[in-house]
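Residue numbering begins at 1 within each chain, and the chains themselves are lettered A, B and C in the order written.
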Amino acid sequence: MEILVCVKRVPDTSENEISVAGDGKDIQRDDLVYSVNEWDNYAVEEAIQIVDRAGGNVTVVTVGGDDSEEILRREMAMGANNGILLKDDAFEGSDGKGIATILKAVAQKSKYDLILTGAQADAGAAQVGGMLAAMMDLPYASLVNKIEIIDDKKLKIGREIEGGNQEMNEINLPCVLSIQTGINEPRYVGIRGIRKVASVEIPTYGAGDLGLAASAVGVAGAKVKKIDYFVPVLGDGAEMLEGSNEEIIAKLIELLKAKGGLK
Amino acid sequence: MAQIFAYITYKGSVADDSALELLAAAKKIDAAAKINAVVAGSGADLNAVCTAMAASYNEVWKIDNAAMAYPNAEVIRKALVNILPAGSIVLMPHDTFGMDLGPGLSIKMNAGFASDVVGIEGVDANALKLVRQEFGGQVSTHVTCDISGGAVITLRPGSFQADESKSAGGQVVDKSANAGDLTVGRKFLEVVAAEVGDVDITKAEVLVSIGRGIEDVENIGVAQELAEAMGAVVSCSRPIVDAKWMEKSRQVGTSGQTVKPKVYMAMGISGSFQHLGGIKGNPFIVAVNKNPKAPIFQVADVGVVANILEFMPELTEKIKEM
Amino acid sequence: MQPVLISPSSYLLLGFFPTWFFSFLIPVIGVGLFTYIMAKRIAPLVKAAPDQRFDRIPERMLNVAKIWLAQWRQPRYMLAGVLHILIFAGFLSLGLRSSQLVIIGLKEGFVFPGMDGLLGQAYSILKDLAATWVLIACIIAAVRRGIYKPARYAVPAKYGHDHTAEAVFVLGVISTLMLSESLFEAAAVAAQVQAGAHAEFIMPLTLAWFFKVILVNASQPTLQALHIIAYYIHDLAFFFFLCFLPMGKHFHVITSLFNVFFMRVKTGNIKPVKYGINEDELDKLESFGVKKLEDFTWKHLLDFYTCADCGRCSDNCPANAVGRPLSPRFISIKGRDKIFKNYPLRGPFLKSQPLIGDIYEEDEIWSCTTCGACEQECPIGIEYIDKIVDLRRGMVDDGMVPQSLQKPLGAIGKRGNPWGKMEKKRAEWALDKEFAAQCAVKMLDEGDQADTLYFVDSISSFDDRMQKIAQATAKILKAANIDFGVLGKSEKDSGNEVRRFGEEMLFQDLKNHNTEMIKECGASRIVTADPHALNVLNKDYSGLPQVEHISQVVAKGLEAGKLRLGKVEDESKVYAYHDPCYLGRHSGVYEDPRQALDAIEGLRRVEMLRSRDRSFCCGGGGLMLFYEPEEEERMGVLRVKMAAEAGANVIVTACPFCLVNMEDAIKVAGLEGKMEAIDFSELIAKHLVQ
């Protein structure tokens, strides 16, 4: 099975405290460390496990700058066979649809039986997988937490739905699936693994290589634009509720209601 | 302004809580507009929901088709593309269904797409100004969405105060005949229920989390009752798991689960740094602890100095009375 | 002297068949078979990974003299130890006699050169005594193993069948050797006495003496028959035993001498990934660590052969004690059985398969805290830590790392600490206003200069609670008038656990970074309060100034009169000092912290049953804090209970990880209010007198 996995380089939220930069136009990026989006990493692991069972190749692709090469190498160290970097100034400022447009172009350059994306990213909108599927007229399922191969035409998949329940579906190949965390246990990638693939060549394609019009992607093609960042208003330290238990509880219930803590 | 549609999801014959939140959100886009709802499904439950929604929405577009007996987003997307007028604005909840349907629908409608929206700040020309969150709520952003060609917007459940006015006096319009070809490449099979004791605390929006203040395994029921009353899930800190009072899957912390709830009730938890490391997404933290110097109070939003074994039952009772 | 009985060398069986034929055949077949078996046993050692065990010869000779010959570690288990010493000493004493007997079967009355005079007579007495005490020891041992069954010999179902039968069988073979040798001699002497001829002196009350007393009235043909039969029973038993040794746990009779000679002579360090490959060449290696049998070094395979299945390692293993899926004894036994299976005595050698998932499980290998109790206890120098680390290196190389460990490893790689905290916050503990007013700390990363570097390491830098240890340490250094500073954001995790958890390349990065920063800062001495940092900087880094633990600094300061400690704050408290594994067993610092504590006037201190080199691990430090083991109880809980048993109500640790585990354990054990834990530095800082 030929599998394409779309990945993204993101600030690693477990290693960073995210704050808003002075002008509000961006987050404070000076001290950030980046890694592959957690959901995408599960998708790559799943792809590798599928290929281990059924044969084929895993290709990881990302839209980004030169920095993004490091995450491609990391995923290749995990076991992905190929990496593709999609890089062009024209891609900058793309919204979800723009990214999906770019990915569609590369997905159509070869024949893939299965396209995986992460279900979401910390700074994303959980949108690219569904958009890509619709653009390519492929069946789609989101939040996939189980994949079984039925035959070379069909998969049996589980979607994680509310309450920890699992919605089982049969889906035709080729298809696009967005992968939920917890579907597997991604393997560890050490420094050594990354060094082993340090010199593997990673092809880079720009808008021209993909036959994309500059107006379809980037800022020009974006319907959704980010204006600014701000910090949600929050108090410092705990507001200590005092008084009789009755008063405290009344006040607490009011607060819980306001914060969505009561259903 | 384009026509706004709220996509109503339902279970049994009852519309999801989001149904009236969508209405409130729609009115934030255009206070004067007459808002329509669209409901897809099959049979008596569908009819009941449509009828109920007519009180709140101007027109309720009903799509009845056996293929939609279970809400398969792929099938429903095809029907919506055939039925909804070009340029419409479609609102839906940002839940596991909305995430399945929204992105693809926006492509097929050639509309803008914004997801997991927590605030709507109005329209300027064709730009709809929205509030979203990033990095688990550590920062918020303003985004604009070009709605000149329509838009699909998913809204975070609970972010908008439901519009309970029921003043629309609307009608149900059967659009079933326009659904068109509904063949898709994905077939729903079944829902496998989560195993008992296999609660995923990482997905819970409200957590009642207990620490050593619970004192004894016998007292865990007190926390469970509170959680039940609140519609929450019980989680815990490491000592509770070590004492084998709860399963490992319930443990919050760096050596346990990382949770991203909206509300976190830290009951008798001192707030070790390992424990706090497992709480992400900037939830509203309520801390109740006997010790006024417990570090949890430094990070909590609201604190109460009390014995949880006395405090929790009282709180449970008051919530039940509501 | 004219012997009355006919010797086996001239005896004719049934009147025509010379028994010397057996005397010839049995040794030839025995030695031949033994040679064949040993060749098969040596084959895997030849194919194994290289090792370097021919350095530091004087220390190795000393180990042989002390640990092998003098059986130094045996009496740590008194009854078993004494029995073993008796049997071991008997074997050494009887070795010569057994060889002599083999030759006597061909050459009547043979004696080794030099053994015909007084020396020979003395030896004769010794060997009779030895045979007697060995028999007695064997009987006691057999009763102990067969009837009383000490718990540590039990074999849990998952590790296969019980080994008692083999043990008792071998005791039986040894007893047979003793009985037959004595009977052979007693029959001859009895015959001499009957004939009124000169008889060898037999030490009264020995086994041979008893036989002589019994046989002195027996008929001569009976004595003749017994003499010959006893001889061949001994001959057969001797060669059977020789060939039986390499088949199981009694292989140690042969291998222990070598194993002790080759045993670890340094403590605390971790072996390189591959001997003969230096650090710059690591990238060239195809595979890392141990994945299959032959990836172990030959010494490590020799360890497997040498394990006597005595169970002392597992009896002292904290992981085993709390029900984690690790028992060091079975690391060896399973390894040995695998060698036996893959290198069969008959038929071709089998192709090697991955060990993880076959004889070892992932959780088993991650369960080890590297506390070193097993190695400290092993009476014949078997190593475990390096094997565990090598197996982990193999797992890391194949991506088999539990999710709970992937996060902290990733964070160390990115941020230099397992929590992913920002580098610039590493020295924030020193900037706390109240603290900084009392004790200014120089920042060597910001251009300050100091003689001494205080290497803080991650946990004391970032953990709110453990920052108090850093502050206390700084106060002590200041009080001792030591010019010191910290590396601040330039310091990264020392990597003690990173290396021990098998992430060698990350460790190399940390080591190179820290080495460069330490050298650049210009300090001529390093002090730390974290024994894990102490260990790794001293043992796994190179080219750095000597690193001292704060307890050593305090002990020296007290001796030199630079530090003074006042009266104990709370006289009602009873203190127990818990030896951190990396300070005690791995670094050999046992007395300094005790001396320092005793210098606090009026401080009441008790010792736990398990202390010094038998200290019981708190649960493990570094990455072990993140690992989620399967266990029935926490090590720390057992440890605080031990402190309570000793009558203490304060546990003094000298390691931040111990403190984390102890404080947690006190809560889990429900001992809050009855027991508390405090770090050595905190306790000293509290009692400083200016």
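In this text, a contact is a pair of C-beta atoms (placed from the backbone, for glycine too) under 8 Å apart; a residue touches a chain by one contact, two chains touch by 3 or more.
Quantities reported herein were computed from a predicted structural model and do not represent experimental measurements.
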Counting C-beta pairs in contact, which chain pair has more, B-C or A-C? A-C
Determine, using the mean of C-alpha atoms as each chain's centre, which chain is farthest from chain C. B
Roughly how far is chain A from chain B, going centre to centre by Cα mean, in whole Å? 21
Based only on mean CA positions, could you tell me how far chain B sits from chain C in angstrom? 57
What is the distance, in whole Å, between the centres of chain A and chain C, each centre taken as the mean of its C-alpha atoms? 49
Using the touch rule from the top of the page, what residues of chain A touch 2 or more other chains? 14, 17
Of all residues in chain B, which are in touch with two or more distinct other chains? none
Set of chain C residues in contact with two or more other chains: 407
Which part of chain B faces chain A closely enough to touch in the complex? 72-74, 77, 95-97, 99-108, 112-116, 129, 132-146, 149, 151, 158, 184-194, 198-200, 203, 205-206, 230-232, 258, 262-263, 265, 280, 282, 284-287, 296-306, 310-311, 314-315, 318-319, 322
If you look only at chain A, which of its residues touch chain B in the complex? 11, 13-14, 17-20, 27, 95-97, 100, 119-120, 122-123, 125-131, 133-135, 138-143, 156, 158-172, 175, 223-232, 234-235, 237-241, 245-246, 248-250, 252-253, 255-256, 259-263
Chain C residues touching chain B in their complex are 404, 407, 419, 463-465, 625-628, 634, 664, 667-668
Could you pull out which chain B residues touch chain C in their complex? 212, 238-239, 242-243, 248, 254-255, 272-274, 277, 295
If you look only at chain C, which of its residues touch chain A in the complex? 282-283, 288, 396-401, 403, 405-407, 409-411, 413-415, 420, 422-424, 503-506, 509
